[in-house]
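The same subunit A turns up in both complexes below, where it pairs with subunit B and then with subunit C.
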Partner chain A sequence: MGKKVLVVDDDPDVRLFNVTVLEENGYTPLVATNGEEGKNLAKHEKPDLVILDVLMPRESGIRLYRELKTDKNLKHIPIIMLSGIAEKSFLRSQKVLAEFGDAPVPEPEAYLEKPVDAEELAATIKKIIG
Partner chain B sequence: MKIKKLLFVTKFEELGFDALQSLLSLREAGLEHVVFVNIIERERVAMRRGTGYSKEAEIRLRETANIRFIDWAENLFEQGMEVGAYIVVGNLVGEVIKAAQKEEADLIVVGRSQKGVIEQLYAGSDITELLHRTSKPVLVYKYLSESSFALEKPFESPLLATDWSPASLRAIDFLKELKGIIQKIHVVHVVDQKQLSGSAMAIQKTRKKIRAKLDEICQTFEAEGISASPHVYVGDPEQEIEKAARECQATLIVMGSSGKANWVERWLGSTPRNIAEKSDFPTLLIPPIKL
Partner chain C sequence: MNRILLIDDEPDILRVLGISLRADGYQVRTALSGEEALAIFARETPELVITDIKMPGMNGIEVLREVKNIRAETEVIIITGHGDIDSAIEALQYGASDFINKPVRDQQLAIALQRAQEKIQIKQQLREYTTSLEQKVAAATREIRRRSNFQSKLIRSSNDGIVATDEDLKIVIYNTGAERIFGFPHQSVVHRMQIQDLYTPQIADLIVTGVTQENGLEEFAWQETSIVSKNGDIIPVRFSGSILHEKGRKMGSVAFFQDLREIKRLERELLKAERLAAVGQTVAGLAHGLKNILHGLKGGSYLVDLGIKKDDTEKLKSGWDMIKRNIGRTSELVMDLLTYSKEREPEFEDCFPNEIAVEVADLLAEKARESRVEIKKSLDPSIQQVAMDPRIIHTALLNLVTNAIDACLFDEDTGKEWQVVIATTLEDDNTIRFDVSDNGTGMSKDVRDRLFTSFFSTKGHRGTGLGLMVTRKFVEEHGGRIDVASTPGEGTTFTIHLPFEAAGQKKENIQQEIKKR
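For the complex of A and B:
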């Protein structure tokens, strides 16, 4: 079985695209449709990598990212942010939350702005988890 | 009834980011999370003939909404807010209610219905249907451009129109939670002229009784540190509430919504619905608790 990669995205087309890229490259995909589901799956499955969207129902990727990166059991899991939200806005929001008293978090291992092509996604995953 | 999460329902031609920005004063009263909802109504993606629908039209509408939401979300994320979004094809009211339940939203914000009078009579008003199907407060927001009021702080000076119904009493609890952002509340009751019969003494007695009830409500607000003043008006409720809002320079009209059956409201109308649809002021409607 290949390394487990958790895809958290509310858009079914994006999920399908990510899952296809993962399977074609020998990884085992896990899928969540919002931040809350993603958090539960990450806790139970301890994936090797998370591919995370930002703008989603229930809980955004901004919050889930913080939760993963501040959880002592999960913070080692690398995260690729894959979103239409600009990297600059993502980083600024994390900075603002830290200024409001939340714990500071490191930058993600990679930030890809949608849309992304299959080769670029596969290469980014490979670079991070092999 | 703290407003931590609001659902911002938009059909872009009705509500824009300027409207949303003006609601961000609610952050001082606990707002943390904004969820954008865009419902693509089925008829907008239906084929001209047959029963199918155009996937291409759906994609175009979805992505148009997505582009707007990304722009808005970036702005709010950068202010430290939590943001979510729904873009779905379906029935407007049904999908809004589903999203409100899923998100456990505390307030639903919608634009004024754009349907004409005849269309509303036959098809019903989205606002009326929404109020009948949800127990969540609904804020009917207006175009900023067509309004002559400064809506930078819509909750600064609300006018609470009360008819003593359970829903309007619920509105008191709702407004108490906004004490951090309300400067002054005007509490109004409109007396039907028919109630004012008999001698001058009898009429003044009625006024005094109503005034005492309004004073009680004002004291409830004052106990929370919110300045409040009572006002008695006489005449047609719809006209008088609008007049009171102007005279008090209110920024918002707040009312309990009627418990009348949907069809009764459709054919006979109701004061909250009519004000929500026609008033120049944003209108916050608090439904009774659904049992």
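For the complex of A and C:
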């Protein structure tokens, strides 16, 4: 049984792609199609890594990221953001939320902007969780 | 005024009268004959002449005539013999101022002199007055001419068309600006045409009523309308006018026309330019959408490669599906972009708007089910077959209902029973209203403000920001209007008002109608 990696994305193509890459590289994929589902799975399954999209229905990646990174039981889980949104837009949105009184959050362990090669994704995962 | 020429053939009389007059302060010249007198008169032109009537050679009457000939305003007093009434009358006819009888009495002379002097004075005053009056008239005439020139130049050079009529509604002023707009040359209009020949009935009625009726409206504020030119072109103009008065009586009308062709053309250009600029912006705005598609294509290729390498048909198939899906998304995106950047005339044909609404609801039923959204229909049964552009209705409703479902899908309040309602209403004799309402996430003011303006999407990989722009463009091309009302957390209603024509008409007529509007 490989390490558990949670994929949270509303786009079925991205999910299939990510899951395939994970399987091919010996990881065990977990799948959530929206932020709400992603939060529940993260709590119950305690994955070793989360690959998270930014814009999703039913709780966006921006909020889920904050929740994961501020939950004392989950904040240690590394997160790879995988999105069509530019990294600086994502970081700015987190900064704005912090300015409005939310807790500051660290930057994600990795940020991949779409489109991403299978090799690039695999290499990034490997670098973080081995 | 105090120079006197005294004429008598009797030296004694001359001497006595001369002494008397000089004593009264006059400068006196004397002559013993008419001939001598005229020579002096020609040299010195005294203001007053006193002459005996009966003289050898030239008599007094002849002297009088000559003097009057030389200088008409000279006062001439005739001295007549006792009872010489005929001569006196003749003298008066030739312009003598007065006459006195011989023997000349001082008192009588004094009165005659005083009268003559008064006359001279009055004449002098009259002359001065006349001269000054003439000068004033000349100056006033010059000023009037100058002003009139100025005004006609003003009217001529005005860019606006200016058309004025007399009280019989005959056109009396028609400037170059009006020529440019109406197309008729000046000479075929002025004093030849009535305004009814030039204006559209709508404008003509205003002015005819204003001029002919007691209580007619007399000032017409600027308004946009159109006129028909000589060539039958419909020309958009701004019009204003007023009824003219002279001493409380209506004396005619004046109307001003501004040619809006260029402005309308520029407006259209601007709209097009804005749209093209928006398309340009998309290249940046769409980058996000494109990234998602590219990602899908890469993912698909990866799966296909994997499938081939491992001889795994399932992977091969899912990879190929992924590629096909993303090719589909690419073509949708490209078609939307093309639709948005191209100008398109609406094509009216007979259709049933309610049926189109049903079609759209059916088309999206599955997507709605997947997203746990119920689609409801509330269709006005009084809407029958009409002439509209069915493609526009279809595209607009499809975009709005898709958005409405997404608005439910993106709603974070998962306790709701989401629903989307498509409603049609016969608003009036030529407008149908379409409402698409949802009880989804709603929009903040910020989002609402940016809705139609730029390539803006809140939908992640689903959105390109093109749907609403295309919808609005279609609706406006159809002569309609789109509104939105939204409350964050409660939902959104998009409303479209689209004009229609009666079914069964010829297509070209309808197209014409739309253009006129």
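Here, the second predicted complex is superposed on the first by the 130 of 130 C-alpha atoms of A that agree within 3 Å, B and C clash if a C-alpha of one lies under 4 Å from a C-alpha of the other, contacts with A are read in each partner's own complex, and residues count from 1 in each chain.
To be clear about the criterion, a residue touches a chain if its C-beta (ideal position, glycine included) is under 8 Å from a C-beta of that chain, and two chains touch if they have at least 3 such contacts.
As the structure is a computational prediction, the values presented were derived from the model and not from experiment.
Partners subunit B and subunit C, once the complexes are superposed on subunit A, run into each other and clash.
In the superposition on chain A, A:20 contacts subunit C only, with no contact to subunit B. In the superposition on chain A, A:33 makes contact with neither subunit B nor subunit C.
When the two structures are aligned on the shared chain, A:97 is found in touch with subunit B, with no touch to subunit C. Contacts of A:85 after superposition: both subunit B and subunit C are touched.
Residue contacts after overlaying the shared chain place A:62 against subunit B, while subunit C stays out of touching range.
Aligning on the C-alpha atoms of chain A brings subunit B into conflict with subunit C at a single listed stretch, 259-267, out of 187-195, 223-231 or 259-267.
The residues of subunit A shared by its contacts with subunit B and with subunit C are 10, 54-59, 84-85. Those residues of subunit B whose C-beta lies close enough to touch subunit A in the complex are 35, 66, 69-70, 73-74, 77-80, 82-86, 99, 102-103.
The touching residues of subunit A, counted against subunit B in their complex, run 10, 54-60, 62-63, 84-86, 89-90, 92-93, 96-97, 99-100. Put simply, subunit C touches subunit A in their complex at residues 287-289, 291-292, 294-300, 302-303, 306, 315, 318, 322, 325-326, 406, 409-412, 414, 458-461. In the complex of the two chains, the subunit A residues touching subunit C come out as 10-11, 13-14, 16-17, 20-21, 24, 36, 53-59, 84-85, 113-118.
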